[in-house]
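Please go over the structures that come below.
Look for chain A in each of the two complexes below; its partner is chain B in the first and chain C in the second.
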Partner chain A sequence: MAKRKLIGCVALLLLCFLVAGCWDRRELQDRNFVLAVAIDMADDGLKLGIDPKEALKVREEETFVQPDGRKRYRLSLQLLKFSSGEAGKDEAKTYAISNTGESFFEMVRDMLGQSSKSLWFEHLQVIIISEAVLRQTGLAEIVDFFKRDSEMRSRIKVYVTPGTARSLIEYQPPSKEAGGMFLADLIRLHSRNNHIAGARTDLGYTVQYLDLRSNVLLPRIEIADKVVKLGGSAVFKKDKFIGYVDGYAIAGLKFMYGTEESAIVATECPDHPGHQMAFELFRDDTKLIPHVEGDTIYFTVDINMYGNLGEIQGDISQDDTLDPQYIHRLEIAFAEEIKQNVLYADRVFRKEMQVDTISRFAGKLKAYEPETWAKVQDQWDEIYPMIPIIISVNVTIQKVGSHK
Partner chain B sequence: MMANLEAKSYMTPWQLAIVVFVTCVGAQILLSPRSLIADAEHGAGISVVIGGVLFYSATCLMLVLAKKYPDETIVEYAPRIFGKIGGTLVVIWFNMLFFLQVIQIFYGMGKIITFYMFDRTPPEVVILALLAVCAYCAVQDWGTIMRIQQFMFFVAYSILILVWLTSILNLQPENLLPLWPVNIKAVVGGGLSTWNMYAGYECVLLLMPLVYRQVSLGSLIKIMGASFGCLIVLFLLVIVIIIGVLTVDGAKNLLYPALIVIRSVELPGTFIERLENYLLIAWIPVVFDTLAAMMFFMGEICMRHWRQADHRPWVLFLVPIIYVGSILLDNQQVYEMANKFTMWLGLAFSFIAVPLSLSLSWWQKRKAGTGCG
Partner chain C sequence: MKKIKCIQKLSKHLPEASLEMSKKKLAQLQLITTQSTEFSEEIGQIIAQLRSVAAPSSEPFIFTSELQENEQLLRVVFRDCSDIEFRIFDAAGKKALLVYLKGMADTSNLERNVLKPLMSYTAQETENTASLLHLLTDMKLVAENVLGAASVTILASAKAAIDAVMTGNALLMIDGLAEVASIAVIKYVKREISAPYNEYALQGSDEAFNEAIMDNIALIRRRTRDTNLKVHIMKIGERTNTAIAVLYVANLVKPGLVEEVERRIGLIKKDKLLDSASIDQYLVDHPWSPFPQTQMTERPDKMLAALYEGRVGIIVDGTPVEILVPCTYNVLMQAPDDYTMAPIIASLIRFSRNAAAFLAVYLPAIYVAVVSYHPGMLPTTMAISIAELRSRTPFPSFLEAIMMEILLELIQEAIIRLPAKLTGAASMIGAFIIGNTVVQAGLINPLLVVVIATTAISSYSMPSYNFSMALRWTRVPMLILASMLGLYGVILGVLAITIHLCSLRSFGESYLGGMFNVDLLADWKDSVVRLPAKLLTRRPKEFGAQDQIRIGDNDGQPRS
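What follows is the complex of A and B.
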């Protein structure tokens, strides 16, 4: 009996070696936190129009021997500095390392040759892809590594830049935040800035749309003379980059899809031409509805907006904002402006680019008219630009602020 | 000598309902949704309801059968119904259902935990550790296991459901459309394939002797209906949220869509991130109690079949076999093949073996009655 107990105890002790969890031990001080990733063409420096000082060229000391393929991409990682430096010194919180190659995973592993600690992607905030890369490669190929790895989060922000992506992760924000956090936070308030396409543009949704073979929108980011600006959007047909749209088109699209939570609509005062007034949206009720009559498909967009009169420029003594007639005239002017904005977005996306962004129209037809969708789904790309869209906008001003 | 207080000679019908619920809900809530959604698409929710009704009916048949043989389990009365060889085959079949489920659950759990939590640890080690814990629980008497199941029912499940419900934040009701028309054939097929989710209800054939004195068959059937009602609601919650967040086509492309759903949740204004880890932490005890119960049932079946007094040596004997079995499922294709095989084996047991047993037992009793008269 005693012998059996002893054997049992020894077996339990031996089991402790296997199951104590030390296998996955990675101490905090042994990790290098990757905050941002930049993806450029490896030889961007060879392109015309790029400052030679900022040119990206394949440097032997940065890269590795690659028997197959070519040095196609440059992957740059922004790492968090753990040491705070000397007191009072204006030191950057992050630094960047890069590598060139074709497989992102291989580049990451080879970068361990430049890093004293393992590279840790759990806190990755943002992935920035340069337009040059997307002109040559589909978005699906670029994000594949990030969607597979278990360290990546779904809510990582993905941006596209017309310049070099590396210059953005080398940017040190004047607020002294870590660069990756700053870049990711730029989009955080997208619901209050209708010039930014921020809803459903992160890694999780991008992968989801690519899986569904939907058209993707990603925010555009640019840096010039130490000014970083997020605005407008890069447009993809399936995973192929086809161009950019401006912030005004994005605003129109958000009005059409009802994805804005707050927005400012500025237009000219109907009573005082040349003077601006602004409407602040608080709440909206937008309905994008497909209709099928025989062989005809059309959509109606009913936009009802409720909000505040936020600004009236000009001589306010001539206007009485408590006068319902005056307010009604303003409501009509704002509604007209919103309608023009939606029509502009419709022209840009549907007529010019012929892109059903995030397959919103196709999704509505599939959800509400599945039998019609089954008939037209194979020709949807051709049918979509021809479909009539009827837009109606109604604006209600509920408050005029604290001044008459 | 002190009496073994954990050796249970009775349990209440509500305890049986909890045991059925807890045994049925295991690893498959994370492992099964992909294949079900791929088959039944937008009708996956309807498949879950069809499956629930179907397997509830099977459970009722089992209860009727078990009630005919009070104080006996299927291990004792199967040889009387089917003869010695036939009965042994039915008992092996019955035990194989638990064995095949257990090895698949160990395999799936090892995969998920090593991918999402311990990426450097080999799955074999995770399986070994969990096997040791489950075996420790399974060598206890039924009273202990039942108390653990009751505890888990109130604690682990409430946490699991609470964490899971946070994914409603990302739900897009439009992704659930169209609700109709659905591919009827695929939805019915999906209903059958939900066996993997509901499997475990077969335990009533072993536990009925502990319950039958407490309640009439009619009440037991009603109480079991409550258990299946809860199962249907839970599985619907899983399937509907997966489709609502990822869409049907999105879910098809993911190995474990439920984990991707919860991974996408961002709780605004909180420091809580990577909710899949919280879900997994609540899921591990849920799987543990299913595995421990199933291992106990396997040991109990062997014990009763060989007419022994103690199930513990059998549990310990089965441990290496379960381990090797789960290691042999070395890739997703083999796993899916084993999954399909187990499903058909389980469906055949519920809808062929049990009704056949019931018919034969009626026939035999009628024959015996005629003989007497």
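What follows is the complex of A and C.
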């Protein structure tokens, strides 16, 4: 009897394997790879594209019945097209489908009506949000769906575009890469391009900063006539979009925060006016430290940079890069340029936008002077633009790339 | 018409000649004949019983001093054995009898050393005859003075004598003596010592065991001059009476191990014993496990090395593949070549062999799990290229993998079963079907072919064929688990196999547990890696050798 019971239990367990086991089995080829997501306003925001009237108009077949909602957003997905395997065939790697509605989740599910396979977001590379959307809604509302869904990954890149986001995901790179991967890879070398803020701008960090009520920074991407360019940033106060900054301000910000790993600093040669020279940064030692003296709070930025002399335009025969005096003059010139850059960034962010980007200053004060922070944290937004900052830059040229 | 008339007439005149009557008579005659045969058989049995009355129950009969009687008794035992030769001759006036198996005894040896010295006295009537006559009164004297054979044993027991004849010895009986002499002249057809078939070593010895037990023991003995190497021969098998030798080094082997091995061998109840593999199934603790729990080897050098690590060797007559116990995962992963190569290279090969063992079991399962449940784990570019390959094949990945597995198994089986000249053709066809046509036909995607081929090659790289068979076996349940539960199933399978391997015991030693035992960490120097020979100063702790230090201690040499 006991044996029969045991056999029964084992059979029941085996049955569990069979009936419960395979519930989420879906073969790789039966999934539709979503590589990029574009979020636009449903009916406006038309700036680019061939036929502005038709481009982003709500069409019957691209929407669904919503008793309680307006057709507010347009969600476009870039899907991967499996290649037929015939080599050398010139065909697009991706195509885009879109839908309009209020809730992103609902739109995604309704889009299954346009797709033969399930939409699968685990390899999503990039989310592009158009400026028009951000001018109406907070960033937190937009990214919430991507934050909650289990298929999303933290390392998805998030970009802001002044034009229509859909035109970006319809873009086919000439290199025949899949569009979404091309767009995501644009930011990969942010550490060598100091015009792009890319260190902490992916979905994971964005969501984290939003949750911490910090100020978010997202890279700006633009498409114009088959040219895609990443540069500058969209600046957010909490989750509200307040404007763009250019690449020069981003470079200054990165110098101030010490987040650059390699950078090129170009300036005019002190000995040869009108001729450019460039410094290649290899290693830097940057300290942003708050100081409290009585009631005054001030910050010091100590920047020490080491690197190469990368380029001197002009008559080389007159330069003696092996002369330490000459090199020292160059170092001073570069240091001055970097200081100007940092001051520019400081002016743009702190004085004009009054945004403590990714709450770096607040974080430093909290870490170094917790008591002072406790006192000032409620008025931080008012205090922050008034704080004096003392900047000192020291550049050391280690290699001159010259030979005799 | 006339003939019919004639027959009618015969039955008319002679009623006994009718068909019915003659049939009846014939049946009666047949009955009588059968009965008489039965009678004679019974009488024969009764006679045999009467004769053996005096014999103890374990003996079929006892020898008498009457040569004719003895001959009769032996002829009854060897009846219908046409290959038994009874050679009756005259030794100095006395009748003598030589009994031997024709194919198993060396007749020229018998002629030279037995027949000639005994018969030469008969030919010439000299004074020697008298002394010989005196000698012939005692078998011991005959053995000591007349017989020129190298090994002569005096036997009184009939059972021992019959055994001796069946092993190929010659039996000498002399009229008037109740004792018999067994003369060792065993010589039968056997295979020469050849190179190992399955365990080839690039720089090792090329000698392998053959089928004769004494040759095999000699191969071991020849490699060492150590009196501590003990050989204990047992006879197992109710009918075949096969010789089994247990080899060990007396002052190294773990106490109790030899006794346990001999106890288990003694418990074997079997009519016939044809190969060592069938003994193996009686020795192991877990006969249902697919993993080999005894190590099989055909290399005498490997066996000797194992003996000097405190293990026990079992040599079975009639098989060229012999047994080593205890057996753990470690020893199955060691190949003879590891010790002839540079240690650093051998260590790398050990590592890749362990990795291959892992791949051979889990690779197809991981592939199926990742492709059908967790493609999000793949890098995007790889996911895209796999998806593109898979989009051209109709089957789910599990079915694809199972189909390839079946194909692989079929090819392997075909190659083993086919005559050697056809295996080339079979593997060509196999490679062609798998490598080309199946992919071209769009049935199976090329990546899976790569996966299955990697798996197959990995399992071929195991030093032990039995172990690679076990890996082959485990692969399929893993595949099923992966296809039903994804990576979760794979991890369940990994746990189940690891727990099973750790709980397996081979003569008390944990199969895999030794690898993870902190106390046995020192054994890693000859398991995970292979250190230079200079540094391998201690024997593996795992097998509990009495003397842990290899050199400069009481291993047969005087202490310095």
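Following the convention adopted for this analysis, the second predicted complex is superposed on the first by the 367 of 404 C-alpha atoms of A that agree within 3 Å, B and C clash if a C-alpha of one lies under 4 Å from a C-alpha of the other, contacts with A are read in each partner's own complex, and residues count from 1 in each chain.
One rule holds for everything that comes next: a contact is a pair of C-beta atoms (placed from the backbone, for glycine too) under 8 Å apart; a residue touches a chain by one contact, two chains touch by 3 or more.
The structure displayed is predicted, hence computed values, not measured ones.
Chain B and chain C, once both complexes are superposed via chain A, fit side by side.
Look at A:Tyr368: by the touch rule set out above, it reaches chain B but stays clear of chain C.
With both structures placed on the common chain, the touch criterion links A:Arg31 to chain C but leaves chain B unconnected.
Of the two partner chains placed around the shared chain by superposition, chain C is the only one that A:Met181 touches, whereas chain B remains out of contact. Within the superposed three-chain model, A:Gln125 lies in touch with chain C and out of touch with chain B [touch as defined at top]. Of the two partner chains placed by the overlay, only chain B lies in contact with A:Asp211; chain C stays clear of it. When the shared chain is aligned, no partner comes close enough to touch A:Phe105: not chain B, not chain C. Of the two partner chains, chain C is the only one touched by A:Leu80; chain B is not. For the three-chain arrangement built by superposition, the Cα-centre angle with chain A at its corner and chain B and chain C at its ends equals 50°, in steps of 10. Chain B and chain C never share a C-alpha pair closer than 5 Å once the two structures are laid over each other.
Comparing the two interfaces of chain A, the one with chain B and the one with chain C have residues 18, 21, 24, 122, 153 in common. On chain B, the positions that touch chain A within their shared complex are 115-121, 125, 128-129, 132, 174-175, 177-178, 181, 246-247, 249-250, 253, 260, 263-264, 266, 273-274. In the complex of the two chains, the chain A residues touching chain B come out as 15, 18-19, 21, 23-24, 122, 150, 153-155, 204, 208, 211-212, 363-364, 366-368, 370-371.
Residue ranges on chain A touching chain C, taken from their complex, read 17-18, 21-22, 24-29, 31, 33, 35, 80, 82-83, 85, 120, 122-123, 125, 151, 153, 178, 181.
Against chain A, in their complex, chain C makes its touches with residues 371-373, 375-376, 380-381, 383-384, 386-388, 390-392, 396-397, 483-486, 489.
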